[in-house]
Amino acid sequence: MSLTDTELSAPEPSRAIVFWRRYRRNRAALLGLGLFIVVLAMALLAGVVTPGDPLARAGAPLTPPFQSWETPLGTDQLGRDIFAGILYGARISLLVGVAATLVAIAIGVVIGALAGYFGGWVDDLLMRITEAFQTIPNFVLLLTLVAIMGSKIEWITVAIGIVSWTAPARMVRAEFMSLRDREFVDAARNLGVSNGALIFREILPNALPPIIVYASVIMALSILLESALAFLSLGDPNYASWGNMIGQGRAVLRTDPYCAVIPGIVIVLTVLSFSLVGEGLNDAANPRQKQ
Amino acid sequence: MKLGLPPLLIYALRRLAQAVPVIILIMIGTFLLLKLAPGDTVDALVGDMGGADAQFIARLRAEYGLDQPVYVQLWVYMTKLATFDFGWSFVYEQPVATVLWDRLGVTLLLMATSLSLAFTVGIALGAIAARRAYSATDNVISTLGLVFYATPSFFLSLMMMLVFSVKLGWLPVGGIKTIAGFYTGWDHVLDVARHLIMPTAALSLIYLSFYLRLMRASVMEVADLDYVRTARAKGASESRLMIHHIMRNALLPVVTLLGLQFSTVLGGSVVVETIFTLPGLGQLAYQSVIQRDMNTLMGIIFLCSVIVVVVNFLTDLLYARLDSRIELK
Amino acid sequence: MSVVLEIKGLQIALPKGADRPLALDGLDLQVRAGEVVCLVGESGSGKSLTAGAVMRLLPEPHVRTVGGTITFDGTDIVAQTEAQMKRIRGAQMAMIFQEPMTALNPQKTVGWQLDEMLRLHMDAPRRDRHAHAIAMLERVQIPDPASAYNAYPHQISGGQRQRVMIAMALSLSPKLIIADEPTTALDVTTQLQILKLIRDLQEEEGAGVLFITHDFGVVAEIADHVVVLRQGEMVESGPASEVLNNPQHAYTRALIASVPDLKPPAPQQSDAPIVLEGKNLRKTFRARGGLLTGKRKAVVAVNDLSFTLRRGETLGVVGESGSGKTTVSRIVTRLLEADSGAVQLGETDLLACTPSQLRAKRAEIQMVFQDPMASLNPRKRVVDLIAQGPIVHGMPREEARAKARDLLELVELSPAAADRFPHEFSGGQRQRIGIARALALEPKVIVADEPVSALDVSVQAQVLKLLADLRARMSLSLLFVTHDLRVAAQLCDRIIVMQRGEIVEAGRTADVFADPQAEYTRTLMSSIPGRDWTPPKLSA
Amino acid sequence: QEVRKGGTVIVHMNSEQRTLNPALRASTGVYYISGKIVEPLIDRSYDGYEPVLATEWSTSDDGLAITVKLREGVNWHDGEAFACDDVAFTAMEMWKPLLNYSSALQANLESVDCTDDLTAVFNYSKPMPLDLFVAAMPDLGHPMPKHLYEGTDILKNEYNTAPVGTGPFKFVEYERGQYVMAVKNEDYWREGYPHLDRVVWRFIRDKSAAAAALEAGEVHESGFIGVSMADVERLSNDDRFEVGTKGYENNVAHSTLEFNHRNEILANVKVRQAMHHALDIDFAIENIMRGFAAPGRGPVPAAGGANYTDDVPVYEYDVEKAKALLDEAGYPADDNGVRFTLRHRPAPWGEYTQLWGEYYAQAMKEVGIDVEILTNDAPGFLNGVYRDYDFDTANGWHQFRSDPAVSTMVWLRSGQPAGTPWTNQFGWQDDEIDQMIDDAASELDPEKRAAMYHEIQRKNQEILPVMFAIEHPFISVTNKKLQNHHNTPRWNSSSWYDLWLAE
C-alpha cells in the first residue's frame, strides 16, 4: 500500500481528439460542420464544376431553374448562370467572412490585450474608444466607410472588420483581466519574462479559445453585413456574390423569384452552418456535465 | 456624497461625466470621417436636382460653409453643438432638430417594440429550452432561433411582405399609418400597430435568437449553482426553483446585453426601415450618409449616443434592481 | 438510540468515460440520533456523492444509485417518488453545504431564504414563521437577528452566512443533518465556533449528523464515529477514538501519519548570514470601485512590516485570511509594488531596482504558488515550463531543457513527464513541477505562498517533505506563507504571526507554540481543530 | 363617363423631395408635387403653350423688355391676392439668384417693373428671345407669394417646405419620410375644378415595395419608372393598370456610355467604335429595359421632333468586327485574351442603370476588354466622374429637355466649368463640333437649325464622343381608376386640375 503520488497516469489522448469526441456528441454541430464542408467544397470546386467567368452570359436571360443542363439553377436578367454564381459566391462569402474576421480579431486582440493587461489609463482610453465604436450603430458606420472607400471587395472586407472588432476586444480584455492575475502569469513574471512576452506568449494563447469560438459569430455576421450592403446596391459588382445576386434578383422578385430566393437560402444555410459550428465549438470547449 | 446629493443623482452625474468624452470622441471622429468621403452635400443636392450651373454650385457651397477648411467647419460645428444647436439640414431644408424629432418617435417605437418582443420571447424560449436541454423541444427552439438569426433581415422582410401583403393582403406594405386614413384614438393606435407588425417581426426575430441563446446558457449555468442545490435540498419544487432562484439570476447577463444591443438594432433598422418605408432614424441615417448630409448624420449619431448612454444607464439601474449585490448607496 | 440513517452496500455509477465506473462501491454506514458520523476521505473519494444519494439530489440520470439501500427513519429513500422526497427534504433531513457564499441565493434576503424553508413545510401564518426564523437566528448566535433577517447574503460575513445555513438546516428540527465540509472555507477561529455550534445544536435537538470532511483535525474535534472512504470504497469504520488513535487499515494509517504534528521540531541555532530582509514594508490598497461595483474602503494590507531571513532557514508567515500574508509574499518578490519600505536581497534593494535590474535579480528569488493548476500555463509542456526561467536568463535552449529533465528527477517525477501538459498530472505532481520551476534558476530564496493548502493531507505531507529535503540539500532559504498552524509547526524555524497587516508576534516556532505571547496568537492556537489529539506515530 | 367628384389620389414617389419650392429648385421631382400647389406663368399642352397665371406675353422690338399680363382674380392659398409684385419679387430674388438652371437664363435680367397690378415688364440688358423665355416658363417660371418671403432668409423660409401657391390643391402637411398631402382649393380660379378632394404623395424608396403597394391599391400612380422594369412589364399585363410612356414627351432620357478622352486608348475613335459594335443594344433593350426603349441615334432623341434624324451611322452588334477594329487600333489581345483594362463608374441611379453598367462590363469581356466596376454612392460617383475625372468609362442616363440647345449639347461642347455634373467633363474637345453647336444655337430659321442638329447628330454617331446607346422615355404605371391622366406633355409636373378618380 503506497500513497505516493509520483507514478504518472497513462498518457491522455491528445486534446484535439478529446475535443473532437466532445464535438461529435452534438448532432446539430455535426450538421453545421457538414453544411460548412459543403460550402467550402463549393468555394474550392467553383472553377472545376463551372469553369469560366460566372459573370458572363451563359444562356437566355431569366431561364427558370431545372430547364437546362447548362444552367441547372437558371439564369438571371443578364443571362448569368445562377449555379455558377452560387459556387463563386461561396468563395466571396468565405473570403469576406474569413478576412473580415481576421481584421476584427486582430484589432480586437491588440486593443483588448493592451487594455486588459495594463489596466489603468491605458484601459480607460482604449475602452472609451471601444465604447465610441460600440455606440455608433455598426451598420451606419459601415455605410459611411463604404461611402468613403467605395465598394471594392477589399475595402468592404476591411470595413466590416472595422465595425466588428469591439466584441472581440471586450472579450479579450475580460479574458486578460482574469488571466493577468492568474498565478501562472505571476510565475512567468517572476522568472523575469518581459511584458510583451507575457502578453503574447503567456496570456494570449490562453485567452484565444473563446475568441476563436466567437470568430464563427463574426464570420456569420460578416456574411450578413456583406449581403446587406449588396442589397443596398453597395456591393462589389466585379464579383459574383450572393448579396449582389439577391440585390439584383429583388427587381424580378415577383416574376422570377428564384433569382433572389436561391442565393437567399444559400446565405441562410451558410450562416446557419457557421452558427451551428460555433455553438458546437463552444459546447465542446465548455463541456457541461449534463448531456 | 459630500454634497449630500441623493446617490442616484450622483451616480447619474458620474455616468454623464464618463459619457461626455466618449460622445465628443464620437462626434469629432464622425465629422472627420465624413469629410474623407468623396463629394459633399452640394454634390448630392445637385445630383438630386438633376444638375445646376457652375455659379449656382459655387454659391451653394459658400452658403453652406463648405468652402472653408475642415478644422474651421469642425470648430464651428462643435461650438454650436455645445449649445445643443444641431444646425440646419441642407437636404431637408429644416433645422436638424426638427428633422430628428420627426423621426425619433417611429424609431423608438420600432426599437422598443422589437427589443421588448425579442427580449421577452427570447428569454421565455431560452428558459424553456434550458430546462429541457438536449430534448426535442430544445432542439426545435434552438435551431429555429439560429435559422432566424441566419436569415438576412432584408430577405426575411421581402418574404414576409410577399406573403402577408401581396399574396394574403392581410397587412399593409409599408409606412407607419394609413395615409389619408385620418384615424383617431384607438383606431389610430390599431392602424399604427398593423403597420408595425412586419417590421417589428423582422427586427425582433433576428435579435430574439441572441436573447434565446444567452438565456439558455445562463439558465443552464445558474441551474448548476450551489444555491439552487440548497433550495432543492429544502424541498422546493422545480417551478419554484425556476421562478425564485434561477430566473432572476439568469436574467442578469441577458439584461446587460439589452443595453449593448441598442445601437446594433438601430443599425439593423436601416434595412428594415428602408424596405417598409418607415420614417425612422435608421433610414434617415442611410439617406444622410449618401446625401452627405453632415449635420443630420451628426445629429443622428449624437442622438443615438445619448440614447445608448441613457439606455445603458437604465439597464444599469435595472441590473442594480435585479442584483441585490449592487447597491446605489 | 434509534438509527436515523442506514446505508447498506451503496453503489453509485458514474457516466461512461469517467475515471472509474462506480464512484461509490459498497458503502455501509449508520447514523444514530444524537450522533455525529464523520465521512472522511481524500478528494474524489465519493463523499459528496454519498450525501447526494441520501438527499436524492444526484445529477441523475448520468450519476445514479445502482445498488444498495438507503433507509431513512424507516423509509426506503431509493423507492420514494419525487413528490415524497420533496416533503422529506428540508423538513426531515437537511443539508449544510461547504461554500456559505454560493449556497445562498444572492438575490434574496436571508430572511426570505429562511422563510422559504418554513413556507415549504410549515402550515403557519406569516407572523409565526417570522418569529420562528428570528428565534433560529438567535440560536445560531447571530448578532442582531432582526437586521440579519433583512440582509442580503453579501451583507454578512462568511461565518455568519454559515450560521444562517445552519439555522436554515435546523429550523424544522430535522432528524438528520448532512454537513458537507461545512467549515473548509472558513478561518480557523470561525471554524471552531461553527463546529461547536453544530455540536451543541445537534445535542439539543438530538438529531443525527452525517459530517463530511477530509480534515482529521476536524474529525478529532467533532466525530463520534468515523467512516473512511478511499476511491469509493469503504476502508475503515469505527468509533472515533479507535480510528484516530489506532487505525487498522493501511490507508487510514497512512492518512493519519500524514497529519502534521503540532509539535514543532527542535529549534536549530542559526547564525548564518541574512539573505533577505524586509524593512518597514507598507502597502495600502486604495478604495476602488463605486456605486455600482460595491464600494470598498481603503485597506492597509501590510503595515510597517520588517523581517529577516537567514540562509538555510524557513520563516513562516501565519495569520488568518485577509491578514496580509499573500501581500507580503508578493511585495517581497515585487509582483506587487509596495508603498514604502525596502527588500534587501543580498546587497541590493529589490524595490529600488529598475525593470532591467529587477529582471536579472529575479533569478535569486523564486516563488512557489498556492494553486498548482493555476500556476502552470496550461498550454505549455512541462519541460518548457521548467526551462523557461533559464532560457529567459540566457541559457541556451537545449541546455535549459536538459537541466529541466534533471530537475524533474530531483523533485521525484519520472522524466517521461517532461513532454506532457500540466493537466495530465495530479495536484501533488503539479506542485512538484512548480517547485522544479522555482529551483531551475538556482535561487537563494524561495517564497512559497500556501504551497500545500490545495492538496490532500497525504500529498501535502509528501510535498512538505520534499521541500524540507531540498532546503537542507541546497541550503535554501524559505519564506513560507500558510494559514495552517500544523504545517507551520512542522516546517518553520521561525514564524511571524500577522493580524490586519501587522506583526503581532514573531519568534522561534517552538517558542511561539509553547508560549504564545499575543492574545491573538493564543486564540489562533486554541482554534486549531483537534489540537488535543496528537496523531499517533505510526509506521505506514 | 361622368366625372365623379371627390376622392383621394395617392401617388408613389421614389425619393423624397425635401424642398417644395419650384422657384428655388428646378427638378421634376419637385414639380411632381409642387405642380399641383404652385402654378407657373405658362404651361405646356399638346397644342403648344397654355396661359396659366399669365394670360398674354409680348416682347419689345429690341428684345430687351418682355411684358407679361397676369390673370385677374387669382388668390394665394392664404387669401391674399396674386399680383405683379409677387412676380417681380420672385424673379429678382429667386429665379435670378437662387434657382438652378435659371441663374444662367436670367443672368441678364435687370429688373421687373409693375406698370400696374397685373402687368409685369421683364427688363434685360441683352436681348432675350421671347420663344426661349416662354419655353423656360413651365419649369422656371413659378411665382411665389412676396408677402411670405419678403424680409426673410429665403433659403430657410418655412414655406419652402410648406408651399403656398395658387394651384388647385392646397398644401396640408409634409410628414418627412412618409408623405406630402394637399387638399382641394375651394377658391381655385378655374371654375368647377379640381375634381379631387385630396392628393397624397407617398415616398417608397424600395421598388419592390412600391410595386406591392400599387397592387395592394395603396397607391394609384407611380411615375418616372418608380418600379423595377420587371414589374413594369408584369403590371403592363395586368388589367388593373395602364402602363405607358405618354405624358413624358418633354422628358426623354438616354442611357449613355461616357468615355474619358484623357485616356489615350479611349481617345482612339476606332476603340470607341469597336466598343459600340461589341454592345448588343437589342439585348439590352429587351432584357434590361423590357422593350420600353429604342436604340439611341445620337444626342437628339426621336422625341426631339424636327431636330431628330435617324439618318445616321449605326453600329450593329458584331463581336468579330469589334475585335478586328481593336486589333487595327493597335490593341491586340494578350495571352489571357485581354487587350486592356478600363475602370468603369456606373451611376448609382438604381436598377436598370446598374444593370446596363454590368451588361457593358460583360459585353466588353467578350472582345477582350477587362472592365473593373467602381461602385460609389451618388456624391462619390459625381465627384469621381465630374470633378476628379477618376474613371475611364462611366454610364448613367441623361435627360433630354425638349430642345438640344438647352440639354444634350452640353455633353459635346467643350469648355464646361469643372465640377458641374451632366456636362462635358470627359476631356472631349473638338473645335468643329463646338462651332457647329454654337452656330445651331444662334440660328433663327427652324429648318436650317434642324438641319444643323442633324449634322451634329451624324457627327456624333460617327466619332462617338459620348455613346447615346439607348433612348427611353419614362414610364408611368397608373391605376385605371384614374381618369384624365397623362394628358399633357409634362403631365406629372402639371397641376392635375382635371384629374378624377372613378369608383
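All chains are identified by letter, namely A, B, C and D, in their written order; residue positions are counted from 1 within each chain.
In the analysis below, a residue touches a chain if its C-beta (ideal position, glycine included) is under 8 Å from a C-beta of that chain, and two chains touch if they have at least 3 such contacts.
Everything quoted here is computed from the prediction, not taken from an experiment.
Enquirer: By the touch criterion stated at the start, how many steps lie between subunit C and subunit D on the shortest route?
Expert: 2
Enquirer: Of the other chains, whose C-alpha centre is the longest way from the centre of subunit B?
Expert: Comparing chain centres, C lies farthest from subunit B.
Enquirer: Whole-Å distance, subunit B centre to subunit C centre, using C-alpha means?
Expert: Inter-chain centre distance comes to 49 Å.
Enquirer: Hey, how far is the Cα centre of subunit A from the one of subunit D, in Å?
Expert: 46
Enquirer: Please work out the Cα centroid separation of subunit B and subunit D, and write it as a whole number of Å.
Expert: 39
Enquirer: How many angstrom between the C-alpha centroids of subunit B and subunit A?
Expert: 23
Enquirer: Please output the residue numbers of subunit A that touch at least 2 other chains, ranges allowed.
Expert: In subunit A, 147, 250, 253-254, 289-290 touch at least two other chains.
Enquirer: For subunit B, give me the residues that contact two or more of the other chains.
Expert: Touching at least two other chains: 37-38, 158, 162, 166, 274, 289-290.
Enquirer: Two or more other chains touching the same residue: where does that happen in subunit C?
Expert: Residue numbers touching two or more other chains: none in subunit C.
Enquirer: Run through the chains and report each pair that touches.
Expert: Pairs of chains that touch one another: A-B, A-C, A-D, B-C, B-D.
Enquirer: List the residues on subunit D that touch subunit B in their complex, please.
Expert: Per the touch definition, subunit D meets subunit B at residues 8, 10, 15-16, 18-19, 25-29, 97, 100-101, 103-104, 155-156, 160-161, 175-179, 181, 198, 200, 202-206, 208-209, 212-213, 215-216, 218, 376-384, 387-388, 399, 416-417, 419-423.
Enquirer: Any idea which subunit B residues touch subunit C in the complex?
Expert: So the residues of subunit B in touch with subunit C come to 7, 10-11, 14, 225-227, 229-237, 244-245, 248-249, 316, 319-320, 322-329.
Enquirer: Which of the residues in subunit B end up touching subunit A in this complex?
Expert: Touch residues, subunit B against subunit A: 21-23, 25-26, 29-30, 33-34, 36-38, 133-134, 139, 142-143, 146-147, 149-155, 158-159, 162, 166, 213, 220, 224, 260, 263-264, 266-268, 270-271, 274, 282, 285-286, 289-290, 297, 300-301, 304-305, 308-309.
Enquirer: Going by the contact rule at the top, pick out the subunit A residues touching subunit C in the complex.
Expert: 1, 3-9, 11-12, 15, 182-184, 186-194, 202, 205-206, 289-290
Enquirer: In the complex of these two chains, what residues of subunit C are touching subunit B?
Expert: Those residues of subunit C that touch subunit B are 55, 57, 85-91, 94-95, 97, 99, 102-109, 116-117, 120-121, 152, 154, 165, 168, 290-294.
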